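By letter and in written order, the chains are A, B, C and D; residue numbering begins at 1 in each of them.
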């Protein structure tokens, strides 16, 4: 039989994992063959991994190569949070894909408190995905001359037009240039509709830069492209540039929780939570040399990014968030600044079956959304959920319950 | 019928999502009821989300609350990488759960090159998960007095013994203290067997600190516990303390790739890759104010952490890695320093069905591994995979192929 | 006698040090009385401290209170460096006030090499001193609304006009706003003529913000001024915002040194210096969590700032510089990026006798220079000197001579 | 005449500035000749620069090369601050060499308040100057093997003994190793008596490392010294490693100021100062990507370092300080954490005439102080002065008086 033979050939190294695709010309069958090869080689059944409702033919064009099956992550619903935002207005269910016990439960508890206080406000500061390319010139004089032109109105218009040739929905919003000497890091920032937009901006920025290289010869500047990504983007690494300049959606969630709600629901005072926030999230983080002045924003981002088909590695820059808690006229003002929520509601992982269903449940699957409203709405929901979870955790810790609550759950 | 009635009650807000559990006393049924409630409320079927082979009864005790179904993430196999490590020795399959196109393919290509060069070396520098608690004293004199005792042999023995009372496998390795004034941040570092160990160290450290508070009264020091986690841990936030002190497994993957292999397989020179690494990963990251001196370590961490049941939010500190490329006698020396690979092969998400199968495939599911060998082995595999993917991407970018390869794949 | 009586009164605490001024109504005499009081109290003569040619009457109006004498710092001349810059063109003497042995000698050696290679190129990227004020609003919605208006053309024009009312030479160039929640940090950037300009920008920005507070009431926003300086300026603290946005003069010094000059003068290869720069200034600094990707820029800044009457504390942000060394067609390309050279050629310490003479020697004392040309020229000289000293030190270290050269000097 | 001839030769470039020394064989005369050469060349008298009581013969052996004269910096006395410290106990005069108006006056005001509250407490956390050298090995396995030995008791003893051969007073306290791959950064920390100790530690560490290179050949490790200073020291660059590990003296100054003293003297409430400190020094600095969580510590360090003959460039790491203000039972608790006060009371600039007098006035000139008590005492005085100035400035800013006080002073 064909399947057995292919498994044998894989085993002997006569063919490679990715070649199965071309041989059987059926992605589902190829997936099975590769999995069976692993099963045989390692002498065990991948029973659960084999269960899947993923369309692998579609997946291999956009999401995965050499598929062998599926990983299942439990999905929980923490309830519906009330949001008073720019695009998000009303009640939104918070769905989290996680294996971290108490994350959903904590969110649930927090949602009750925030809803009792009138909900979470969300405000968008900026929007735009970025990519930084590196152009090498002969020296700083040329580098700065290049920067001056690129940052001029003429330069921006030139690059904006060049950028638009490679993308239908993408639109260049800004270019900022940095140079430590002869190399110029050009940070392109673009609007990308419903998509998170990394591929879009990469392709369009590189095309634009190729036109730029020709153009600046007119001014006597010779430049060569050193890299399509110079780490000043900054994608999937923590970086201060994202805090100051933003990447993806930069936004704030905040709320004023009446003292009596805080005391009744969280069983702490606003003063205690404010004090913990200062000592832990500001001073502790400062001493640790941290970019993240928060308690656990990354937990919420990870669970929401997995559930909604986002690029999970982007929680790295997302985690650079700042939580504030202040006592205002006796009540508790809380806010969370998230400079880099890079999300999309179309393209990438949002196409996958379960992830798409979750987005559709929220009414936010972004097909045909050239304005990016679904994307911005989703970013606001993410921000609201992060704030709720932050404040709940701080309130628990203020009440010195963290380890104990874990303890009981696991051992009791 | 019961189900319909419960859905109705959920809809009216008469019962809460988590109460379904207690009412039906069957986690699978409760999951279905909650999902159906969402389906009814939002007028759509969660067809794919409903497909699952997860044991929700077990899950709600450790991984999730209010489950409503499952998120499926495609799992790909990039081939087997040869590792010459401390605990990892031989060929190990690299399995990635991702929706990022080209990640598996790039890893595959890289594996071929590294295997052709003899494989990846991995070396462990340190091991130990950390938790920092905050004790507040009356002032700096007491704070420093407290620190001196805690950091003395007597103090360490006292805390070590107290720590051991709350954990069977955990073992205190080190305590470091920091203070900006009256507050002392005690950073406990512990060995935690096969488990990643965050809960273990949190519980044991808090218990130890409670004994400490009593003990130091003898020296006239009054201290109160301000927080079980003072952000100097540092968990799920980028932080320099993890780079300098390590968190989880700190390790290095490196290799020497002969020039002819580099030129034949990557179609670039070692010099070009070294130059790109310097300009992008060192200078670009430095200018951006980044802690991550690498190209895309977070991508690999995210895909491996999801596939193997890890705490995904911990890619945040994992991404603080440093890639080096140097030309040594004409050949290409490459290394990757990963100060914070916080992984476990038992407990947490490793218990889930698909994730456990993937760990078992590697022979690394950690039940009964009190020595933590499976955990350390897995960390070495993670490090090797990250290095392979890093160097492959740098080689591609050196050859200016990044955007183009994406372009062709998506549009061509 | 009066003097004796005053000393006695000071000794008994009947009058305070600053009151002597008003009583004797002669700053020179008051200085002497205070010094004699110290001498008497501590039983020793301040023989050298008493020697001075400072006009204390002028000094107490701008530079010092309660003067008791003078500190003398040795001033050395390292020779004249050739600069090909924007405003600096030709040979400029490098004068350093320091007690750090070998600093002048090293600079001398470096100057010879750079001059042999045709001199140092300097290029200005940006110019403008900054001050960030904090306005507190009711919440993020108001904060972002405020930001949108301030960053609009209308908002900028309003603030620019308001700013100009308080200063003759200062001119607002840019305002950038940042917010983590309800507080808005408004970072004013201004041109300040020949002056470094901190006081100018502080006064004018505060006045402008007071008008702003009134104006935005029209849009329904209530805001209060929380601080005249919100640490996002950032003055006298290391901060990434200065690297990315610049503060004072942001500029680059670079040069291409022929291989034969490098080998003959420094007795090392360009490759060795480039390798050291990468390992030490990039990787070492990165691992240390440093903002300063250089060897010892602070040494040169300190010595030049003291010699030329600058605000010495501003070497803190000045030290955030990045040195690059690259081999280009066999020759050695070197550059130094200095994002924050905050200098002035008029006002502050430049008024003092010796400092003013040094500036006048350079032809750069800034009286009547409303265009700030003297200030920019001086910044270019500083940058050139820093580059020269950096490269000389790297060359020495490459040749493993650092400690030895110190050793011989001190003990030999 | 000889002098004229030499000036002529200097002018023609026939001799170099440093050669004058050898020719005239009299440092004072050589200084004059060089100055006259500058005067002639630039057509102006350096009248004030020529006034000096510096012994140039002694200076050129330790502090300066090519001297041409002297810079005079005004020295002010802010009064005497009461310190309750480890080595510092009693009243100490605070002497500042500065041209920054209001610095002395602000300190004076602050001293009155702190003295009224019982003085400043100072507490030393750690002490030890550091130098990091770089050893290059073949790869990470060797690097980690090397680290294990160096950090073992045997390794430490070996290096400690080797270290001691090059220094009489220096004593190795600790070695920490870091590696990103094949390079090992060995951070030596040493006690250096009364001296700041940079040269001492550099010489002794390099000698020790040379012995180490031989020794580890026994274990099959080949290593070469790449740099005597690998920037993980970290000297004269801002760096997190100094915050976490300390450099020089790490210490804290704190005090509890009764509410009535705060309200009477500063005319603000403790709550207002605490709120400003949080918003400005914690949040503002965090957003700016700053390592300095303080208001203006660098100002005080600069003025004290110049006055007392310190290495002024070391204010860069000194400025990485954290100020705290908290309301405790209605009173105002204030603290300042200074991780890197690198000072000396013997050697370097302390030998110079005026600087030495100032140290002698304090009774802290360190000749014969092999225990380093004078140095530690001076560090405590520096810390106390910094705290006083910090709190005074915060109180002024809380009262919204900063710009106004400047304004009145300058224009009124």
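Everything below uses one rule, namely that a residue touches a chain if its C-beta (ideal position, glycine included) is under 8 Å from a C-beta of that chain, and two chains touch if they have at least 3 such contacts.
Everything numeric here is computed off the predicted structure, so don't read it as measured data.
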{"item": "Distance-maximising chain from chain B - centres being C-alpha averages", "value": "C"}
{"item": "B-D or A-D - the one linked by more C-beta pairs in contact", "value": "B-D"}
{"item": "Separation of chain A from chain D, taking each centre as the mean of its C-alpha atoms, in whole Å", "value": "43"}
{"item": "Chain A-chain B separation of Cα centroids, rounded to whole Å", "value": "17"}
{"item": "Mean-CA-position distance for chain D and chain B (Å)", "value": "39"}
{"item": "Per-residue overlap in chain C, given as positions that touch at least 2 other chains", "value": "178, 180, 240-241, 244, 283, 285, 287, 289, 291, 293, 322, 324"}
{"item": "Touching residues (chain side chain A, partner chain B) in the complex", "value": "16-18, 34, 38, 42, 44, 46-49, 51-54, 56, 59, 61-79, 93, 95-105, 108, 132, 134, 178, 180, 183, 185, 199, 202-203, 206, 225-232, 234-241, 275-276, 279-281, 283-285, 287-292, 294-299, 301-302, 306-307, 309, 311-316, 319-320, 348-349, 351-355, 357-358, 360-361, 363, 397, 400, 402-403, 406-407, 409-410"}
{"item": "Residue ranges of chain C in contact with chain B within the complex", "value": "240, 243-244, 278, 282-283, 285-287, 289, 291, 293, 322, 324"}
{"item": "Residue ranges of chain C in contact with chain A within the complex", "value": "121, 123-125, 139-141, 143-144, 147, 178-182, 240-241, 244-245, 252-254, 256, 289, 322, 324, 326, 333, 335-337"}
